[in-house]
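Two complexes are shown next, each including subunit A; its partner changes from subunit B in the first to subunit C in the second.
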Partner chain A sequence: MPLDTSTYSLALLRLDGRRWNELRRLHAQISTQAAADGSSYLEMGNTKVLCTVSGPHEGKAGGAGGGPRSTQAKIEVEISFAGFSGVERKKRQAKDKRTSEMSHTLTQSLAALLLTHLYPHSTITIHLSILSQDGSLLAACINAATLALIDAGIPMTDYLCACTTAAPPTSAETEAGGDPLLDLNGQEEQELPFLTVATVGKGHAVSVLIMESRVRMEKVEGMLAVGVEGCKRVREILDKVVKEHGKRFA
Partner chain B sequence: MAPPPSLQVNLSPAELSFIRSSLAQTPPIRLDHAKGPKDFRSMRAECDVLPGANGSARIALEDGTEALVGVKAEVEKSQWRPVPGESARLTAAGEVTMLDVDDAADKDENTKGKGQNSWVEISVEVPGFRDDDALPVFLAAMLTETLLASGELKDRLYINNRFHWKLYVDVLLLSPLLSYPLSLLSMTTHLALLTTRLPALKSEKDEDPLFDDDWDASVQLYGKERQQIEKPPVIVLAMAVGSNIIFDPSKEELAVADAVLAVACTTSANSGGRIVSIRTVDPPSHLTPPGVPNAMNSATGGKVPTSSADALTQRELLSNSGVWTPPRGGMKRSLLSGIVKMVVEKGGVAEEVIEALQRVEIG
Partner chain C sequence: MATTQSAPTLTFPRPIFAALSPSPFLQAHLAPKNPIRANARAPTEFRKPGLNTGSLTHCNGSAVVRLGNTTVVCGVRAEVLRAEDVPQPIDPKADEEDDVEEIDTLRLLVPNVELSTGSTPTFLPGQAPSTFAQSLITRIRSLLLSTRLVRAKDLRIMYTPPRTTEDEDEEVQPEVKAYWTLYIDTMFISLDGDAFDAAWGAILAALRNTMLPASDWDQDLEMVLCDDDVKKARKLELRGLPVAATFAVFQGEEDEEGEDRSWVLSDPDAFEEGVCRESVTIVVDGKKGSGKIRRIEKSGGTVVGREVMKGLIRRSEERWEEWNAVLKG
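After this line comes the complex of A and B, so read on.
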């Protein structure tokens, strides 16, 4: 672990100079593309995601299953990685397991968020292009999708905001553990166990919680608390973006 | 190549006929009537948008089509190829080291002819299409072909006998397919290549390459200091309607084209505009449904032709009556030379487009 665990305990500053509870620069735009029903562009540090929403529109004729017609809109999420998004140039297959898990998570969480019963027999397609990846990828995708869906005017109960937290880096002196880290970049994600959390609205309603690494049981609660706080801050920023955009039509 | 279904427009034969006749007037009246035949759609362009790529650009057209291009360069081991006279050069290595290779012009001379076409790889992604569908593959082939046509770019990717740069150009169409995207993708690629920088080489000769980690010291692939270098080519679409030539047609205008040409052009400081390659593109107008003239429609007092041969002759006779018939055949020679002239002449389309894109980089 050559990275930050060694020096972090000295100044409590992370590699990019942030403190434990600071978000990276979060910049977002909505209505970036005239041709789509809804679109957004979101940057969390160096992670850049572009999202377009089309729909609700009539699904493909004779679609999946062909069973009784649904009473709810179907949500489809497509995620594509640009070849230049990572450090090394790599083509990622659409059938990649990690990609399909991400799109499944998005589909499930958005199905609970959107008022899909208002659009029976229709499909909402969300397309996410990942232009640059540097940690917190799923969180960026969730935030971008929320903004694009707002731009598309699809009714939803509240904002779905996400961020990541990592277990505090341990070293000999701070065996008791410091504070969990908020909003990880790519390097931190590689060396610390982390989780992605997304909440609906201002409260503590957790809608997505994903952790793929192993961490000690007693640390999870702290991580979750910091994550939920982070989500609140993300919500404020996204809310500002939406209101700023709305002012143009006032 | 047949146009993909999403590029076909849902216009009736009467509407097609109307658009065609207004485009065939002198001067032509385009769908956007404020535009002349040589006017391009307005666009918003940005460059250097991605921190993780060597060069990148994004262009959004007024109709909502948007493209993003990222250029990434990686060092790759070259395959050893025996060259005639190689052994002689090795024995004279002592003399080779005496040569002064500091001068950029000399260096260009040294790398001449050493590049390979496989060092540039272009992939095109169009939403709703698979990677191996005809359209993305065709677009990628067109872009690669024009980029490699002059043979200068690949030589600049040469590092030494053992290593070379591999240039990956990833072209993403971010919006759904609204018009024929070739010229948009090509302009975005052009802009991305103009901003592409490669780290400066510190090692010498055939050592393992070592690069300067100062990004400010990096060299531009199409640098300003290399004025004599041709700019990366740009493909412009030109279509013919009657005796008129119209550049950068919209989707609806393409649906009535007699013929469509994709002209790849480039400019350099000393020689002005130059054509790199020309290809014809099969216009979607070939697949539009023909109108039924009154004389052939029994509902309007006409007579339905008895056989298909009869129908063909009748249509032939009515070809100038204004009833829509899909155009057939290619382009007249005079039109072809007209297009070439309009592209390469002083202050022509080539210079205009490339200068406009150049200004994006500065601004």
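After this line comes the complex of A and C, so read on.
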């Protein structure tokens, strides 16, 4: 168990040497592919995601028949896992349920974030390639998609930044209840109950909240608070990346 | 812009000219005395490869190769195949040089190429592998086997059973208990022509970077146990360094004397591949003068004959030196 180690109970250091509120190394690059309209590469620790955006372009199914969607741009998200990304080599089918769920979450959150009414009858396609998985996959995808959309020049209200948090451990030693952990790696995600949260902007507007494990009600508020703080820090890092890129044109 | 003697001023910009009439566009570049291509390279100039190895965490070996705007990621994963799961076991041949059959029959090398990643508008994600992708995989697989790049002995996990008799003279034969299967996954991040060269270069670099853990067969547990001490892991002992070079032949319009004009372009990009109908791929191993040809593939067209082919082989040997410098350090 990631938190059963002696280092955690004595020095409160996780397996990779972080404290409860430390993010992993977040490295991001924008405009990595010349051929795409917008592209980005993001690393959260060992989770590596590549994102390309193409659009807005004419939708595949012709604009004439459009229903309620035709006054807004349609967002399509595709996720592909490289064979070498996980610990075991499993070739994920494109229609895998978990993958569909992830892409659906991304589609919904991005449709709400982007100013889609500016591009009626068109489609924006976002493609994510997962090169390496080590926890916080949905969060990394959300962050990479945000950067790539900014690179493509598609207007949005603010950054959509995501991160993960885990429930604080309760053991005999920690009477106070312990602190929720921020930014989980692969091993921690498998063992601890965790949630992924994404916020828009600097404030507390939560856009995405996904939790699939069981946890006691009292802990959720603490986890959410830590998650929102983490998203603020992610936003600072992403903003710095975008501004550095912009300096080249200054 | 190429400056020809009687070029009228264009009323529309270069990219539109290139899109409307690509063949005359390229010919206008190549026609003058010092031909230059639309991407500002000489016809015999290859793009310098950029290489980065060992960046993927869950892989035994990995490489990222950039050839201009073509970017490829390759990851090598090793998984254990138990000898008892093999339907028809193969005896390891006494002759170590003749081990292709073992690798081929047991499928110990599994290359895969993923093109439908949004790398170019023609390969949209979510599609089934196109014929181009499938043929790329087949060519790579046959090249891996024909160059006998990977040694079968690197992939075998041996076990020497303890002596059962007291006879000192009787040799105890080691048995093959399991094999390492290498899954070589290649993913195109962006494609700007010359997919084969980039994919092969990435696979070669990833295989050179691959480390297999020290592993033993445990007779009591009846399974393979691997040691996670990095110092005990060993690299693959590859045979040679075969390097691929692709050429595209551009056939222009006849000139004033009615003669055919054609140019052979090294390392074509996507625009040039679109206008060329003939292509040649040569795989060589070794520098100029002492290189061995491992493969020649030619498809379409009638321009490249024996003389031109000799020139292309020389160009490929020069390319070998470029790749050798990049791969070795």
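Remarks
Just so we're on the same page, the second predicted complex is superposed on the first by the 232 of 250 C-alpha atoms of A that agree within 3 Å, B and C clash if a C-alpha of one lies under 4 Å from a C-alpha of the other, contacts with A are read in each partner's own complex, and residues count from 1 in each chain.
As a working rule, contacts are C-beta pairs under 8 Å (C-beta built on N, C-alpha and C of every residue); 3 or more make two chains touch, one makes a residue touch a chain.
Given the structure is predicted, the values throughout are model-derived calculations rather than measurements.
Aligning the two structures on subunit A places subunit B and subunit C in clashing positions. Looking at the shared chain after the overlay, A:Ser132 reaches both subunit B and subunit C.
Of the two partner chains, both subunit B and subunit C are touched by A:Ala35. The superposed model puts subunit C in the path of subunit B at one of 99-107, 243-251 or 297-305, which is 243-251.
Overlap of the subunit B and subunit C contact sets on subunit A: residues 33-36, 46, 48, 50, 52, 54, 80, 82-87, 89, 127, 129, 131-132, 134. Note for the complex: subunit A touches subunit B at residues 33-36, 46, 48, 50, 52, 54, 80, 82-89, 91, 127, 129, 131-132, 134.
Interface residues of subunit C facing subunit A in the complex, by the touch rule stated above, are 56-59, 62, 69, 71, 73, 75-77, 79, 112, 114, 116-121, 124-126, 183, 185, 187, 189-192. Contact residues on subunit B toward subunit A in their complex (touch as defined above): 50-53, 56, 60, 62-66, 68, 70-72, 74, 123, 125, 127, 168, 170, 172, 174-176, 178. If you check the complex, the residues on subunit A that touch subunit C are 33-36, 46, 48, 50, 52, 54, 78, 80, 82-87, 89, 94, 125, 127, 129, 131-134.
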